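These notes open a run of structures that come right after.
The two complexes that follow have chain A in common; it is paired with chain B in the first and with chain C in the second.
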Partner chain A sequence: MTSRMRRLRWINWPGLLTMGLLAGAWEAAVRWSLLDYQYLPAPAAIAQGARTLLTSGELIPNVLHTLLVTLIGWSLASAIGIALGLLLGLSPTAYRYSMTSFEVTKAIPPITFVPATLLIFGFSLRMELVIVVYVGVWPVLINTIGGVRGVPVELLDVARMLRMSRYHRVRKLIVPAAIPEIIVGLRLTLSLCLVLAVVAEMVGNPAGLGHALVLAQQALQPEKMFAYVLSAGVLGITLNAVFRSAAAWMLPSPTSGRGGGSP
Partner chain B sequence: MTAATAADPDRAHQPGGSDQAKSTKRTTSAPRLRGLLPLVVLLSVWELVGSPGSPFFPPPSTWGSALIGLWENGALLAAVLATLTTFCIGLGTATVVGAVLGLVVGGSPGADRAMSPTFEFARAMPPAAMVPIATLLLGYDETMKVTVVTLAAIWAILLNTRAGVRRIDQTLLDAARSLQLGTVERIRKVIVPALLPAVFLGVRVAAPIAVVITLLVEILTHVEGVGALIAQSQRTFQPARVYALILVAGALSLLVNGVLGMVESHVFRYLPGKADGSE
Partner chain C sequence: MKANEQPVAEQASAEDRPQPQPRNTFECRNLSVELRSSGGLACICRSIDFEVREGEFVSIMGRSGSGKTTLLRILGGLLSPTPGSTVRYYSEQVDGPPRGVITVFQNYAASLLPWRTVEKNVALGLEGKVSKDEKAERVAEALAMVSLSKRAKDYPWRLSGGMQQRVQLARALAMRPSVLLLDEPFGALDAMTKTTLQDELLHVYEQTGATVVFVTHDVDEALYLSDRVLILQGDPSTIGESVAVQCSRPRDQIETKQSEGFLTLRRKVYEAIMQGHD
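Then we have the complex of A and B:
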């Protein structure tokens, strides 16, 4: 009873009202042709388009394809990023003899590699995965290095005082201390992987949401396009929310930083 | 080379030197040449193994001649200028609109609460997916490019401005009131100078996004620019050109970051209270 009332108060009514009003104004502007765009659908038409996509079974397989590629790419990128990040973060020699190379490569906007991968792998799933993994590695890599190298000196002193072996030092102190930052990298990478999967589908691999979007554009079906863009957005929001709650569940208050002592 | 390697151990032995290096999160140390080793090895192997006629991996030496060819027929300069134009107009528009919106939602909690779901919703839409919609509504032209870039770049500026407004020192506002400054004067003399660092931080975050999205729009729509030239070289199977232009894109993004870094160190050096993270 009280929790329901609290939830009612927690809902952002003015915010929802603004959204509703904006949608209404959009609808009215299109109905009465105040907006002079040939291919601008009204919100009602977009909702209709979304319903058509759902009932005809076009939407779900496309969403699943994009979701699957995003998750596979994200897992691979995370594994590579964390492994490489630990190597570079833990070994000063590896860091010294390769960090500049990584910085130079990172300066190149990864999006420009899309045509190159298309050239090498052709229109294929492999192309999509390669570009998703390549782009996804960076935030994990950078954050893992940052987290490992940012371990407070006091912790390392403690390790020295306790005469911990190198293995124990890494496993019990350095990696746990770096986890909050690694988690941030994983979250950034998840959104990036989704976006890049859509891009790769738009230009390369003919499957998934990105390809469906381009097909709808070529067929001049703006209400379907808006529905696909909304699906991509909702997919992104959902993935982010799932990741956040999973991280919060596995790791109490990961955002509170490494300073907070765990109970 | 020997001097550099000899100097390094000394630096490491300075009291506190190594500790400090460990505790700073992202080391922005001077670029070390030996760190380039893997890249140099990779490119050398590529040069030795790759054959000039390869459809996938032409050796780096062919990239140079591809670039010279593009320079001589004028395509490279035109593309770079087109990309920079879109980038500048897009980022400029995003800065103005983002700062104004950030000022509004930062100054009024009511407006913030009313607008935040709409903003969150709009921000979640991937800019790449907006491109087909923008082309259908606006056509394949500069307006479409600028619109997409602006939509992608606006959020960092909006959020930083909002955070900046909330952080404004109350004493400053009190001082303005006791000096009986008018609204215009108050905005011009107190609020704008107090907010500039926050807005600029937003621009620093937004600029790399704007570069990437400019290139992305060009790759997707083939409207003139470096991205379009890369996509065209790919479709006409000219791999050397693709690799050369990827390096050009890298140089462009370094240029943008360098210019912003210079602006930061020259204009904002004296300003206290640099804003931190995006929110």
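Then we have the complex of A and C:
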């Protein structure tokens, strides 16, 4: 009972109220023709569109495709980002040799690679994955390097004082100390992967939410189109929430919810 | 490098130590330290000479910023002095933490691993070095010594400052060190706990014959524990006074602190510290 109460308190009621009011205002504005565009539906119409998509069985396969690509891309990006980040964070030589290339590549907005990727890989799943992974690698990579290089000197002194071997130092001290920052990178990457999956589906791979969204637009079905937009949002929120609670469950820390610290 | 291979000093009790004239555990000659500060290199201490004999309990006192922590870091091989200085651990030049020398750091909150429980923190230095059973035994023993057995499974950031400091002490004791470098280990404790841990430390010291270098701001504590109290004075600091404490061991919180000799020394140390102030 208490846990239920706590969950009820945990929900941000004022925040939900604001959202409800905004949706209400939108609905009213469209009904009373304050917002009078041919292809701007009211929330109620969008909800109707979502219901149609659900019952016709169009929504779920599209959501699943995008979800799958996001998760696969995210896993690959995380693995590559963490591995490269550890290498660059731990080896000053590797860091010195590669940092210039990385800074330059990082400075190029990743979205500009989309046409090139399309040209190289064609309209395919591979093209979608390449985009998602390429973009997703960056936050994990940068945060892993930052985490590894930012281990507090006090802890490094402890490792030296205890004469820990290099292997133990990395495994028992540097990597665990870097984990909170790596997790932030993983979370940023997860949202990015979803965004890029949808983008890739809109311009390249003809599948998933992004493609369905464009089709609805071309078919002049704004209710369906906005219903897909909404689904992408719900997918993003869900992924983020699942990730957050998984991270908090695995890592009790002074800053996570289980830390018991005051605000 | 060689200093690291120095075998651990035999942990024999005071009576059956082989040489009548103890060797020097640490020997510092012409020791100067310069550290980077906002105005370029700042000289922290200049031409310090002192030694710590094997099995000796030496306290270092001096006002805040006089370089006590710096000195301890030099002895622990965590900081290099300026060229021309000599720091020896037994017969070898120190250029890295020597084996068997364990430090308890002043900054206790930053010196524990927040993702490890108390017992795992205490076990850190033993992992991969002793068997699982021995590790568990030593950890339990060390935690019992600092009265933290009940908090073994807690995370250090759920403990009070004094408790965290005791975890660090337990981590040091679990290593069964031949040299302990303690930087204000009881600074965050109440008078009662402090007294208990002082006696616990003296017990360990007398049992193992370890060499101890102890930094404190508490004159009574320094005198009660030590064979010798070094007082840092001046800026850059040097050793202004070296006070030998000849009170007999084992010591007693009431008897020793009331004795004539203790009170005389107390006065002497206070005078030396006051002198350091102007």
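Keep in mind that, in the parts below, the second predicted complex is superposed on the first by the 235 of 263 C-alpha atoms of A that agree within 3 Å, B and C clash if a C-alpha of one lies under 4 Å from a C-alpha of the other, contacts with A are read in each partner's own complex, and residues count from 1 in each chain.
Keep in mind that, in the parts below, a residue touches a chain if its C-beta (ideal position, glycine included) is under 8 Å from a C-beta of that chain, and two chains touch if they have at least 3 such contacts.
In this text, all values refer to a predicted model and were calculated from it rather than measured experimentally.
Engineer: Can A:P152 be said to touch chain B (first), chain C (second), both, or neither?
Structural biologist: So A:P152 meets both chain B and chain C here.
Engineer: Considering only touches as defined above, state whether A:K172 meets chain B (first), chain C (second), both or neither.
Structural biologist: second
Engineer: Applying the document's definition of touch, where does A:L162 land relative to chain B and chain C: first, second, both, or neither?
Structural biologist: second
Engineer: With the two complexes superposed on chain A, say which partner A:L251 touches: chain B (first), chain C (second), both, or neither.
Structural biologist: A:L251: touches chain C, not chain B.
Engineer: One more residue to check, A:G15. First (chain B), second (chain C), both or neither?
Structural biologist: After superposition on chain A, A:G15 lies in contact with chain B alone.
Engineer: With both structures placed on chain A, which of the two partners, chain B or chain C, ends up touching more residues of chain A?
Structural biologist: More residues of chain A are touched by B.
Engineer: With the two structures laid over each other on chain A, which partner does A:L220 touch: chain B (first), chain C (second), both, or neither?
Structural biologist: In the superposed model, A:L220 contacts chain B only, not chain C.
Engineer: Chain A residues touched by both chain B and chain C?
Structural biologist: 152
Engineer: Taking the touch rule as given, give the residues of chain A at its contact with chain B in the complex, in rising order.
Structural biologist: Chain A reaches chain B through residues 12, 14-19, 22, 37, 39-40, 96-101, 103-105, 107-116, 118-120, 142, 146, 149-153, 156, 194-195, 198-199, 202-203, 209-210, 213-214, 216-217, 220, 222, 225-226, 228-230, 232-234, 236-237.
Engineer: Can you tell me which positions in chain B touch chain A when the two form their complex?
Structural biologist: Going through chain B, the ones touching chain A are 19, 22-27, 31-39, 55-57, 110, 113-118, 121, 124-133, 135-137, 208, 211-212, 215-216, 219-220, 226-227, 230-231, 233-234, 237, 239, 242-243, 245-247, 249-250, 253-254, 257.
Engineer: Could you list, by residue number, the parts of chain A that touch chain C in their complex?
Structural biologist: My answer: residues 152, 154-155, 157-158, 160-165, 168, 172-173, 176-177, 179, 251-254, 259-260.
Engineer: What residues on chain C touch chain A, complex-wise?
Structural biologist: Residues in contact with chain A: 4, 76-78, 96-97, 99, 101-103, 105, 107, 110-111, 113-116, 124-125, 127-128, 155, 157-158, 175.
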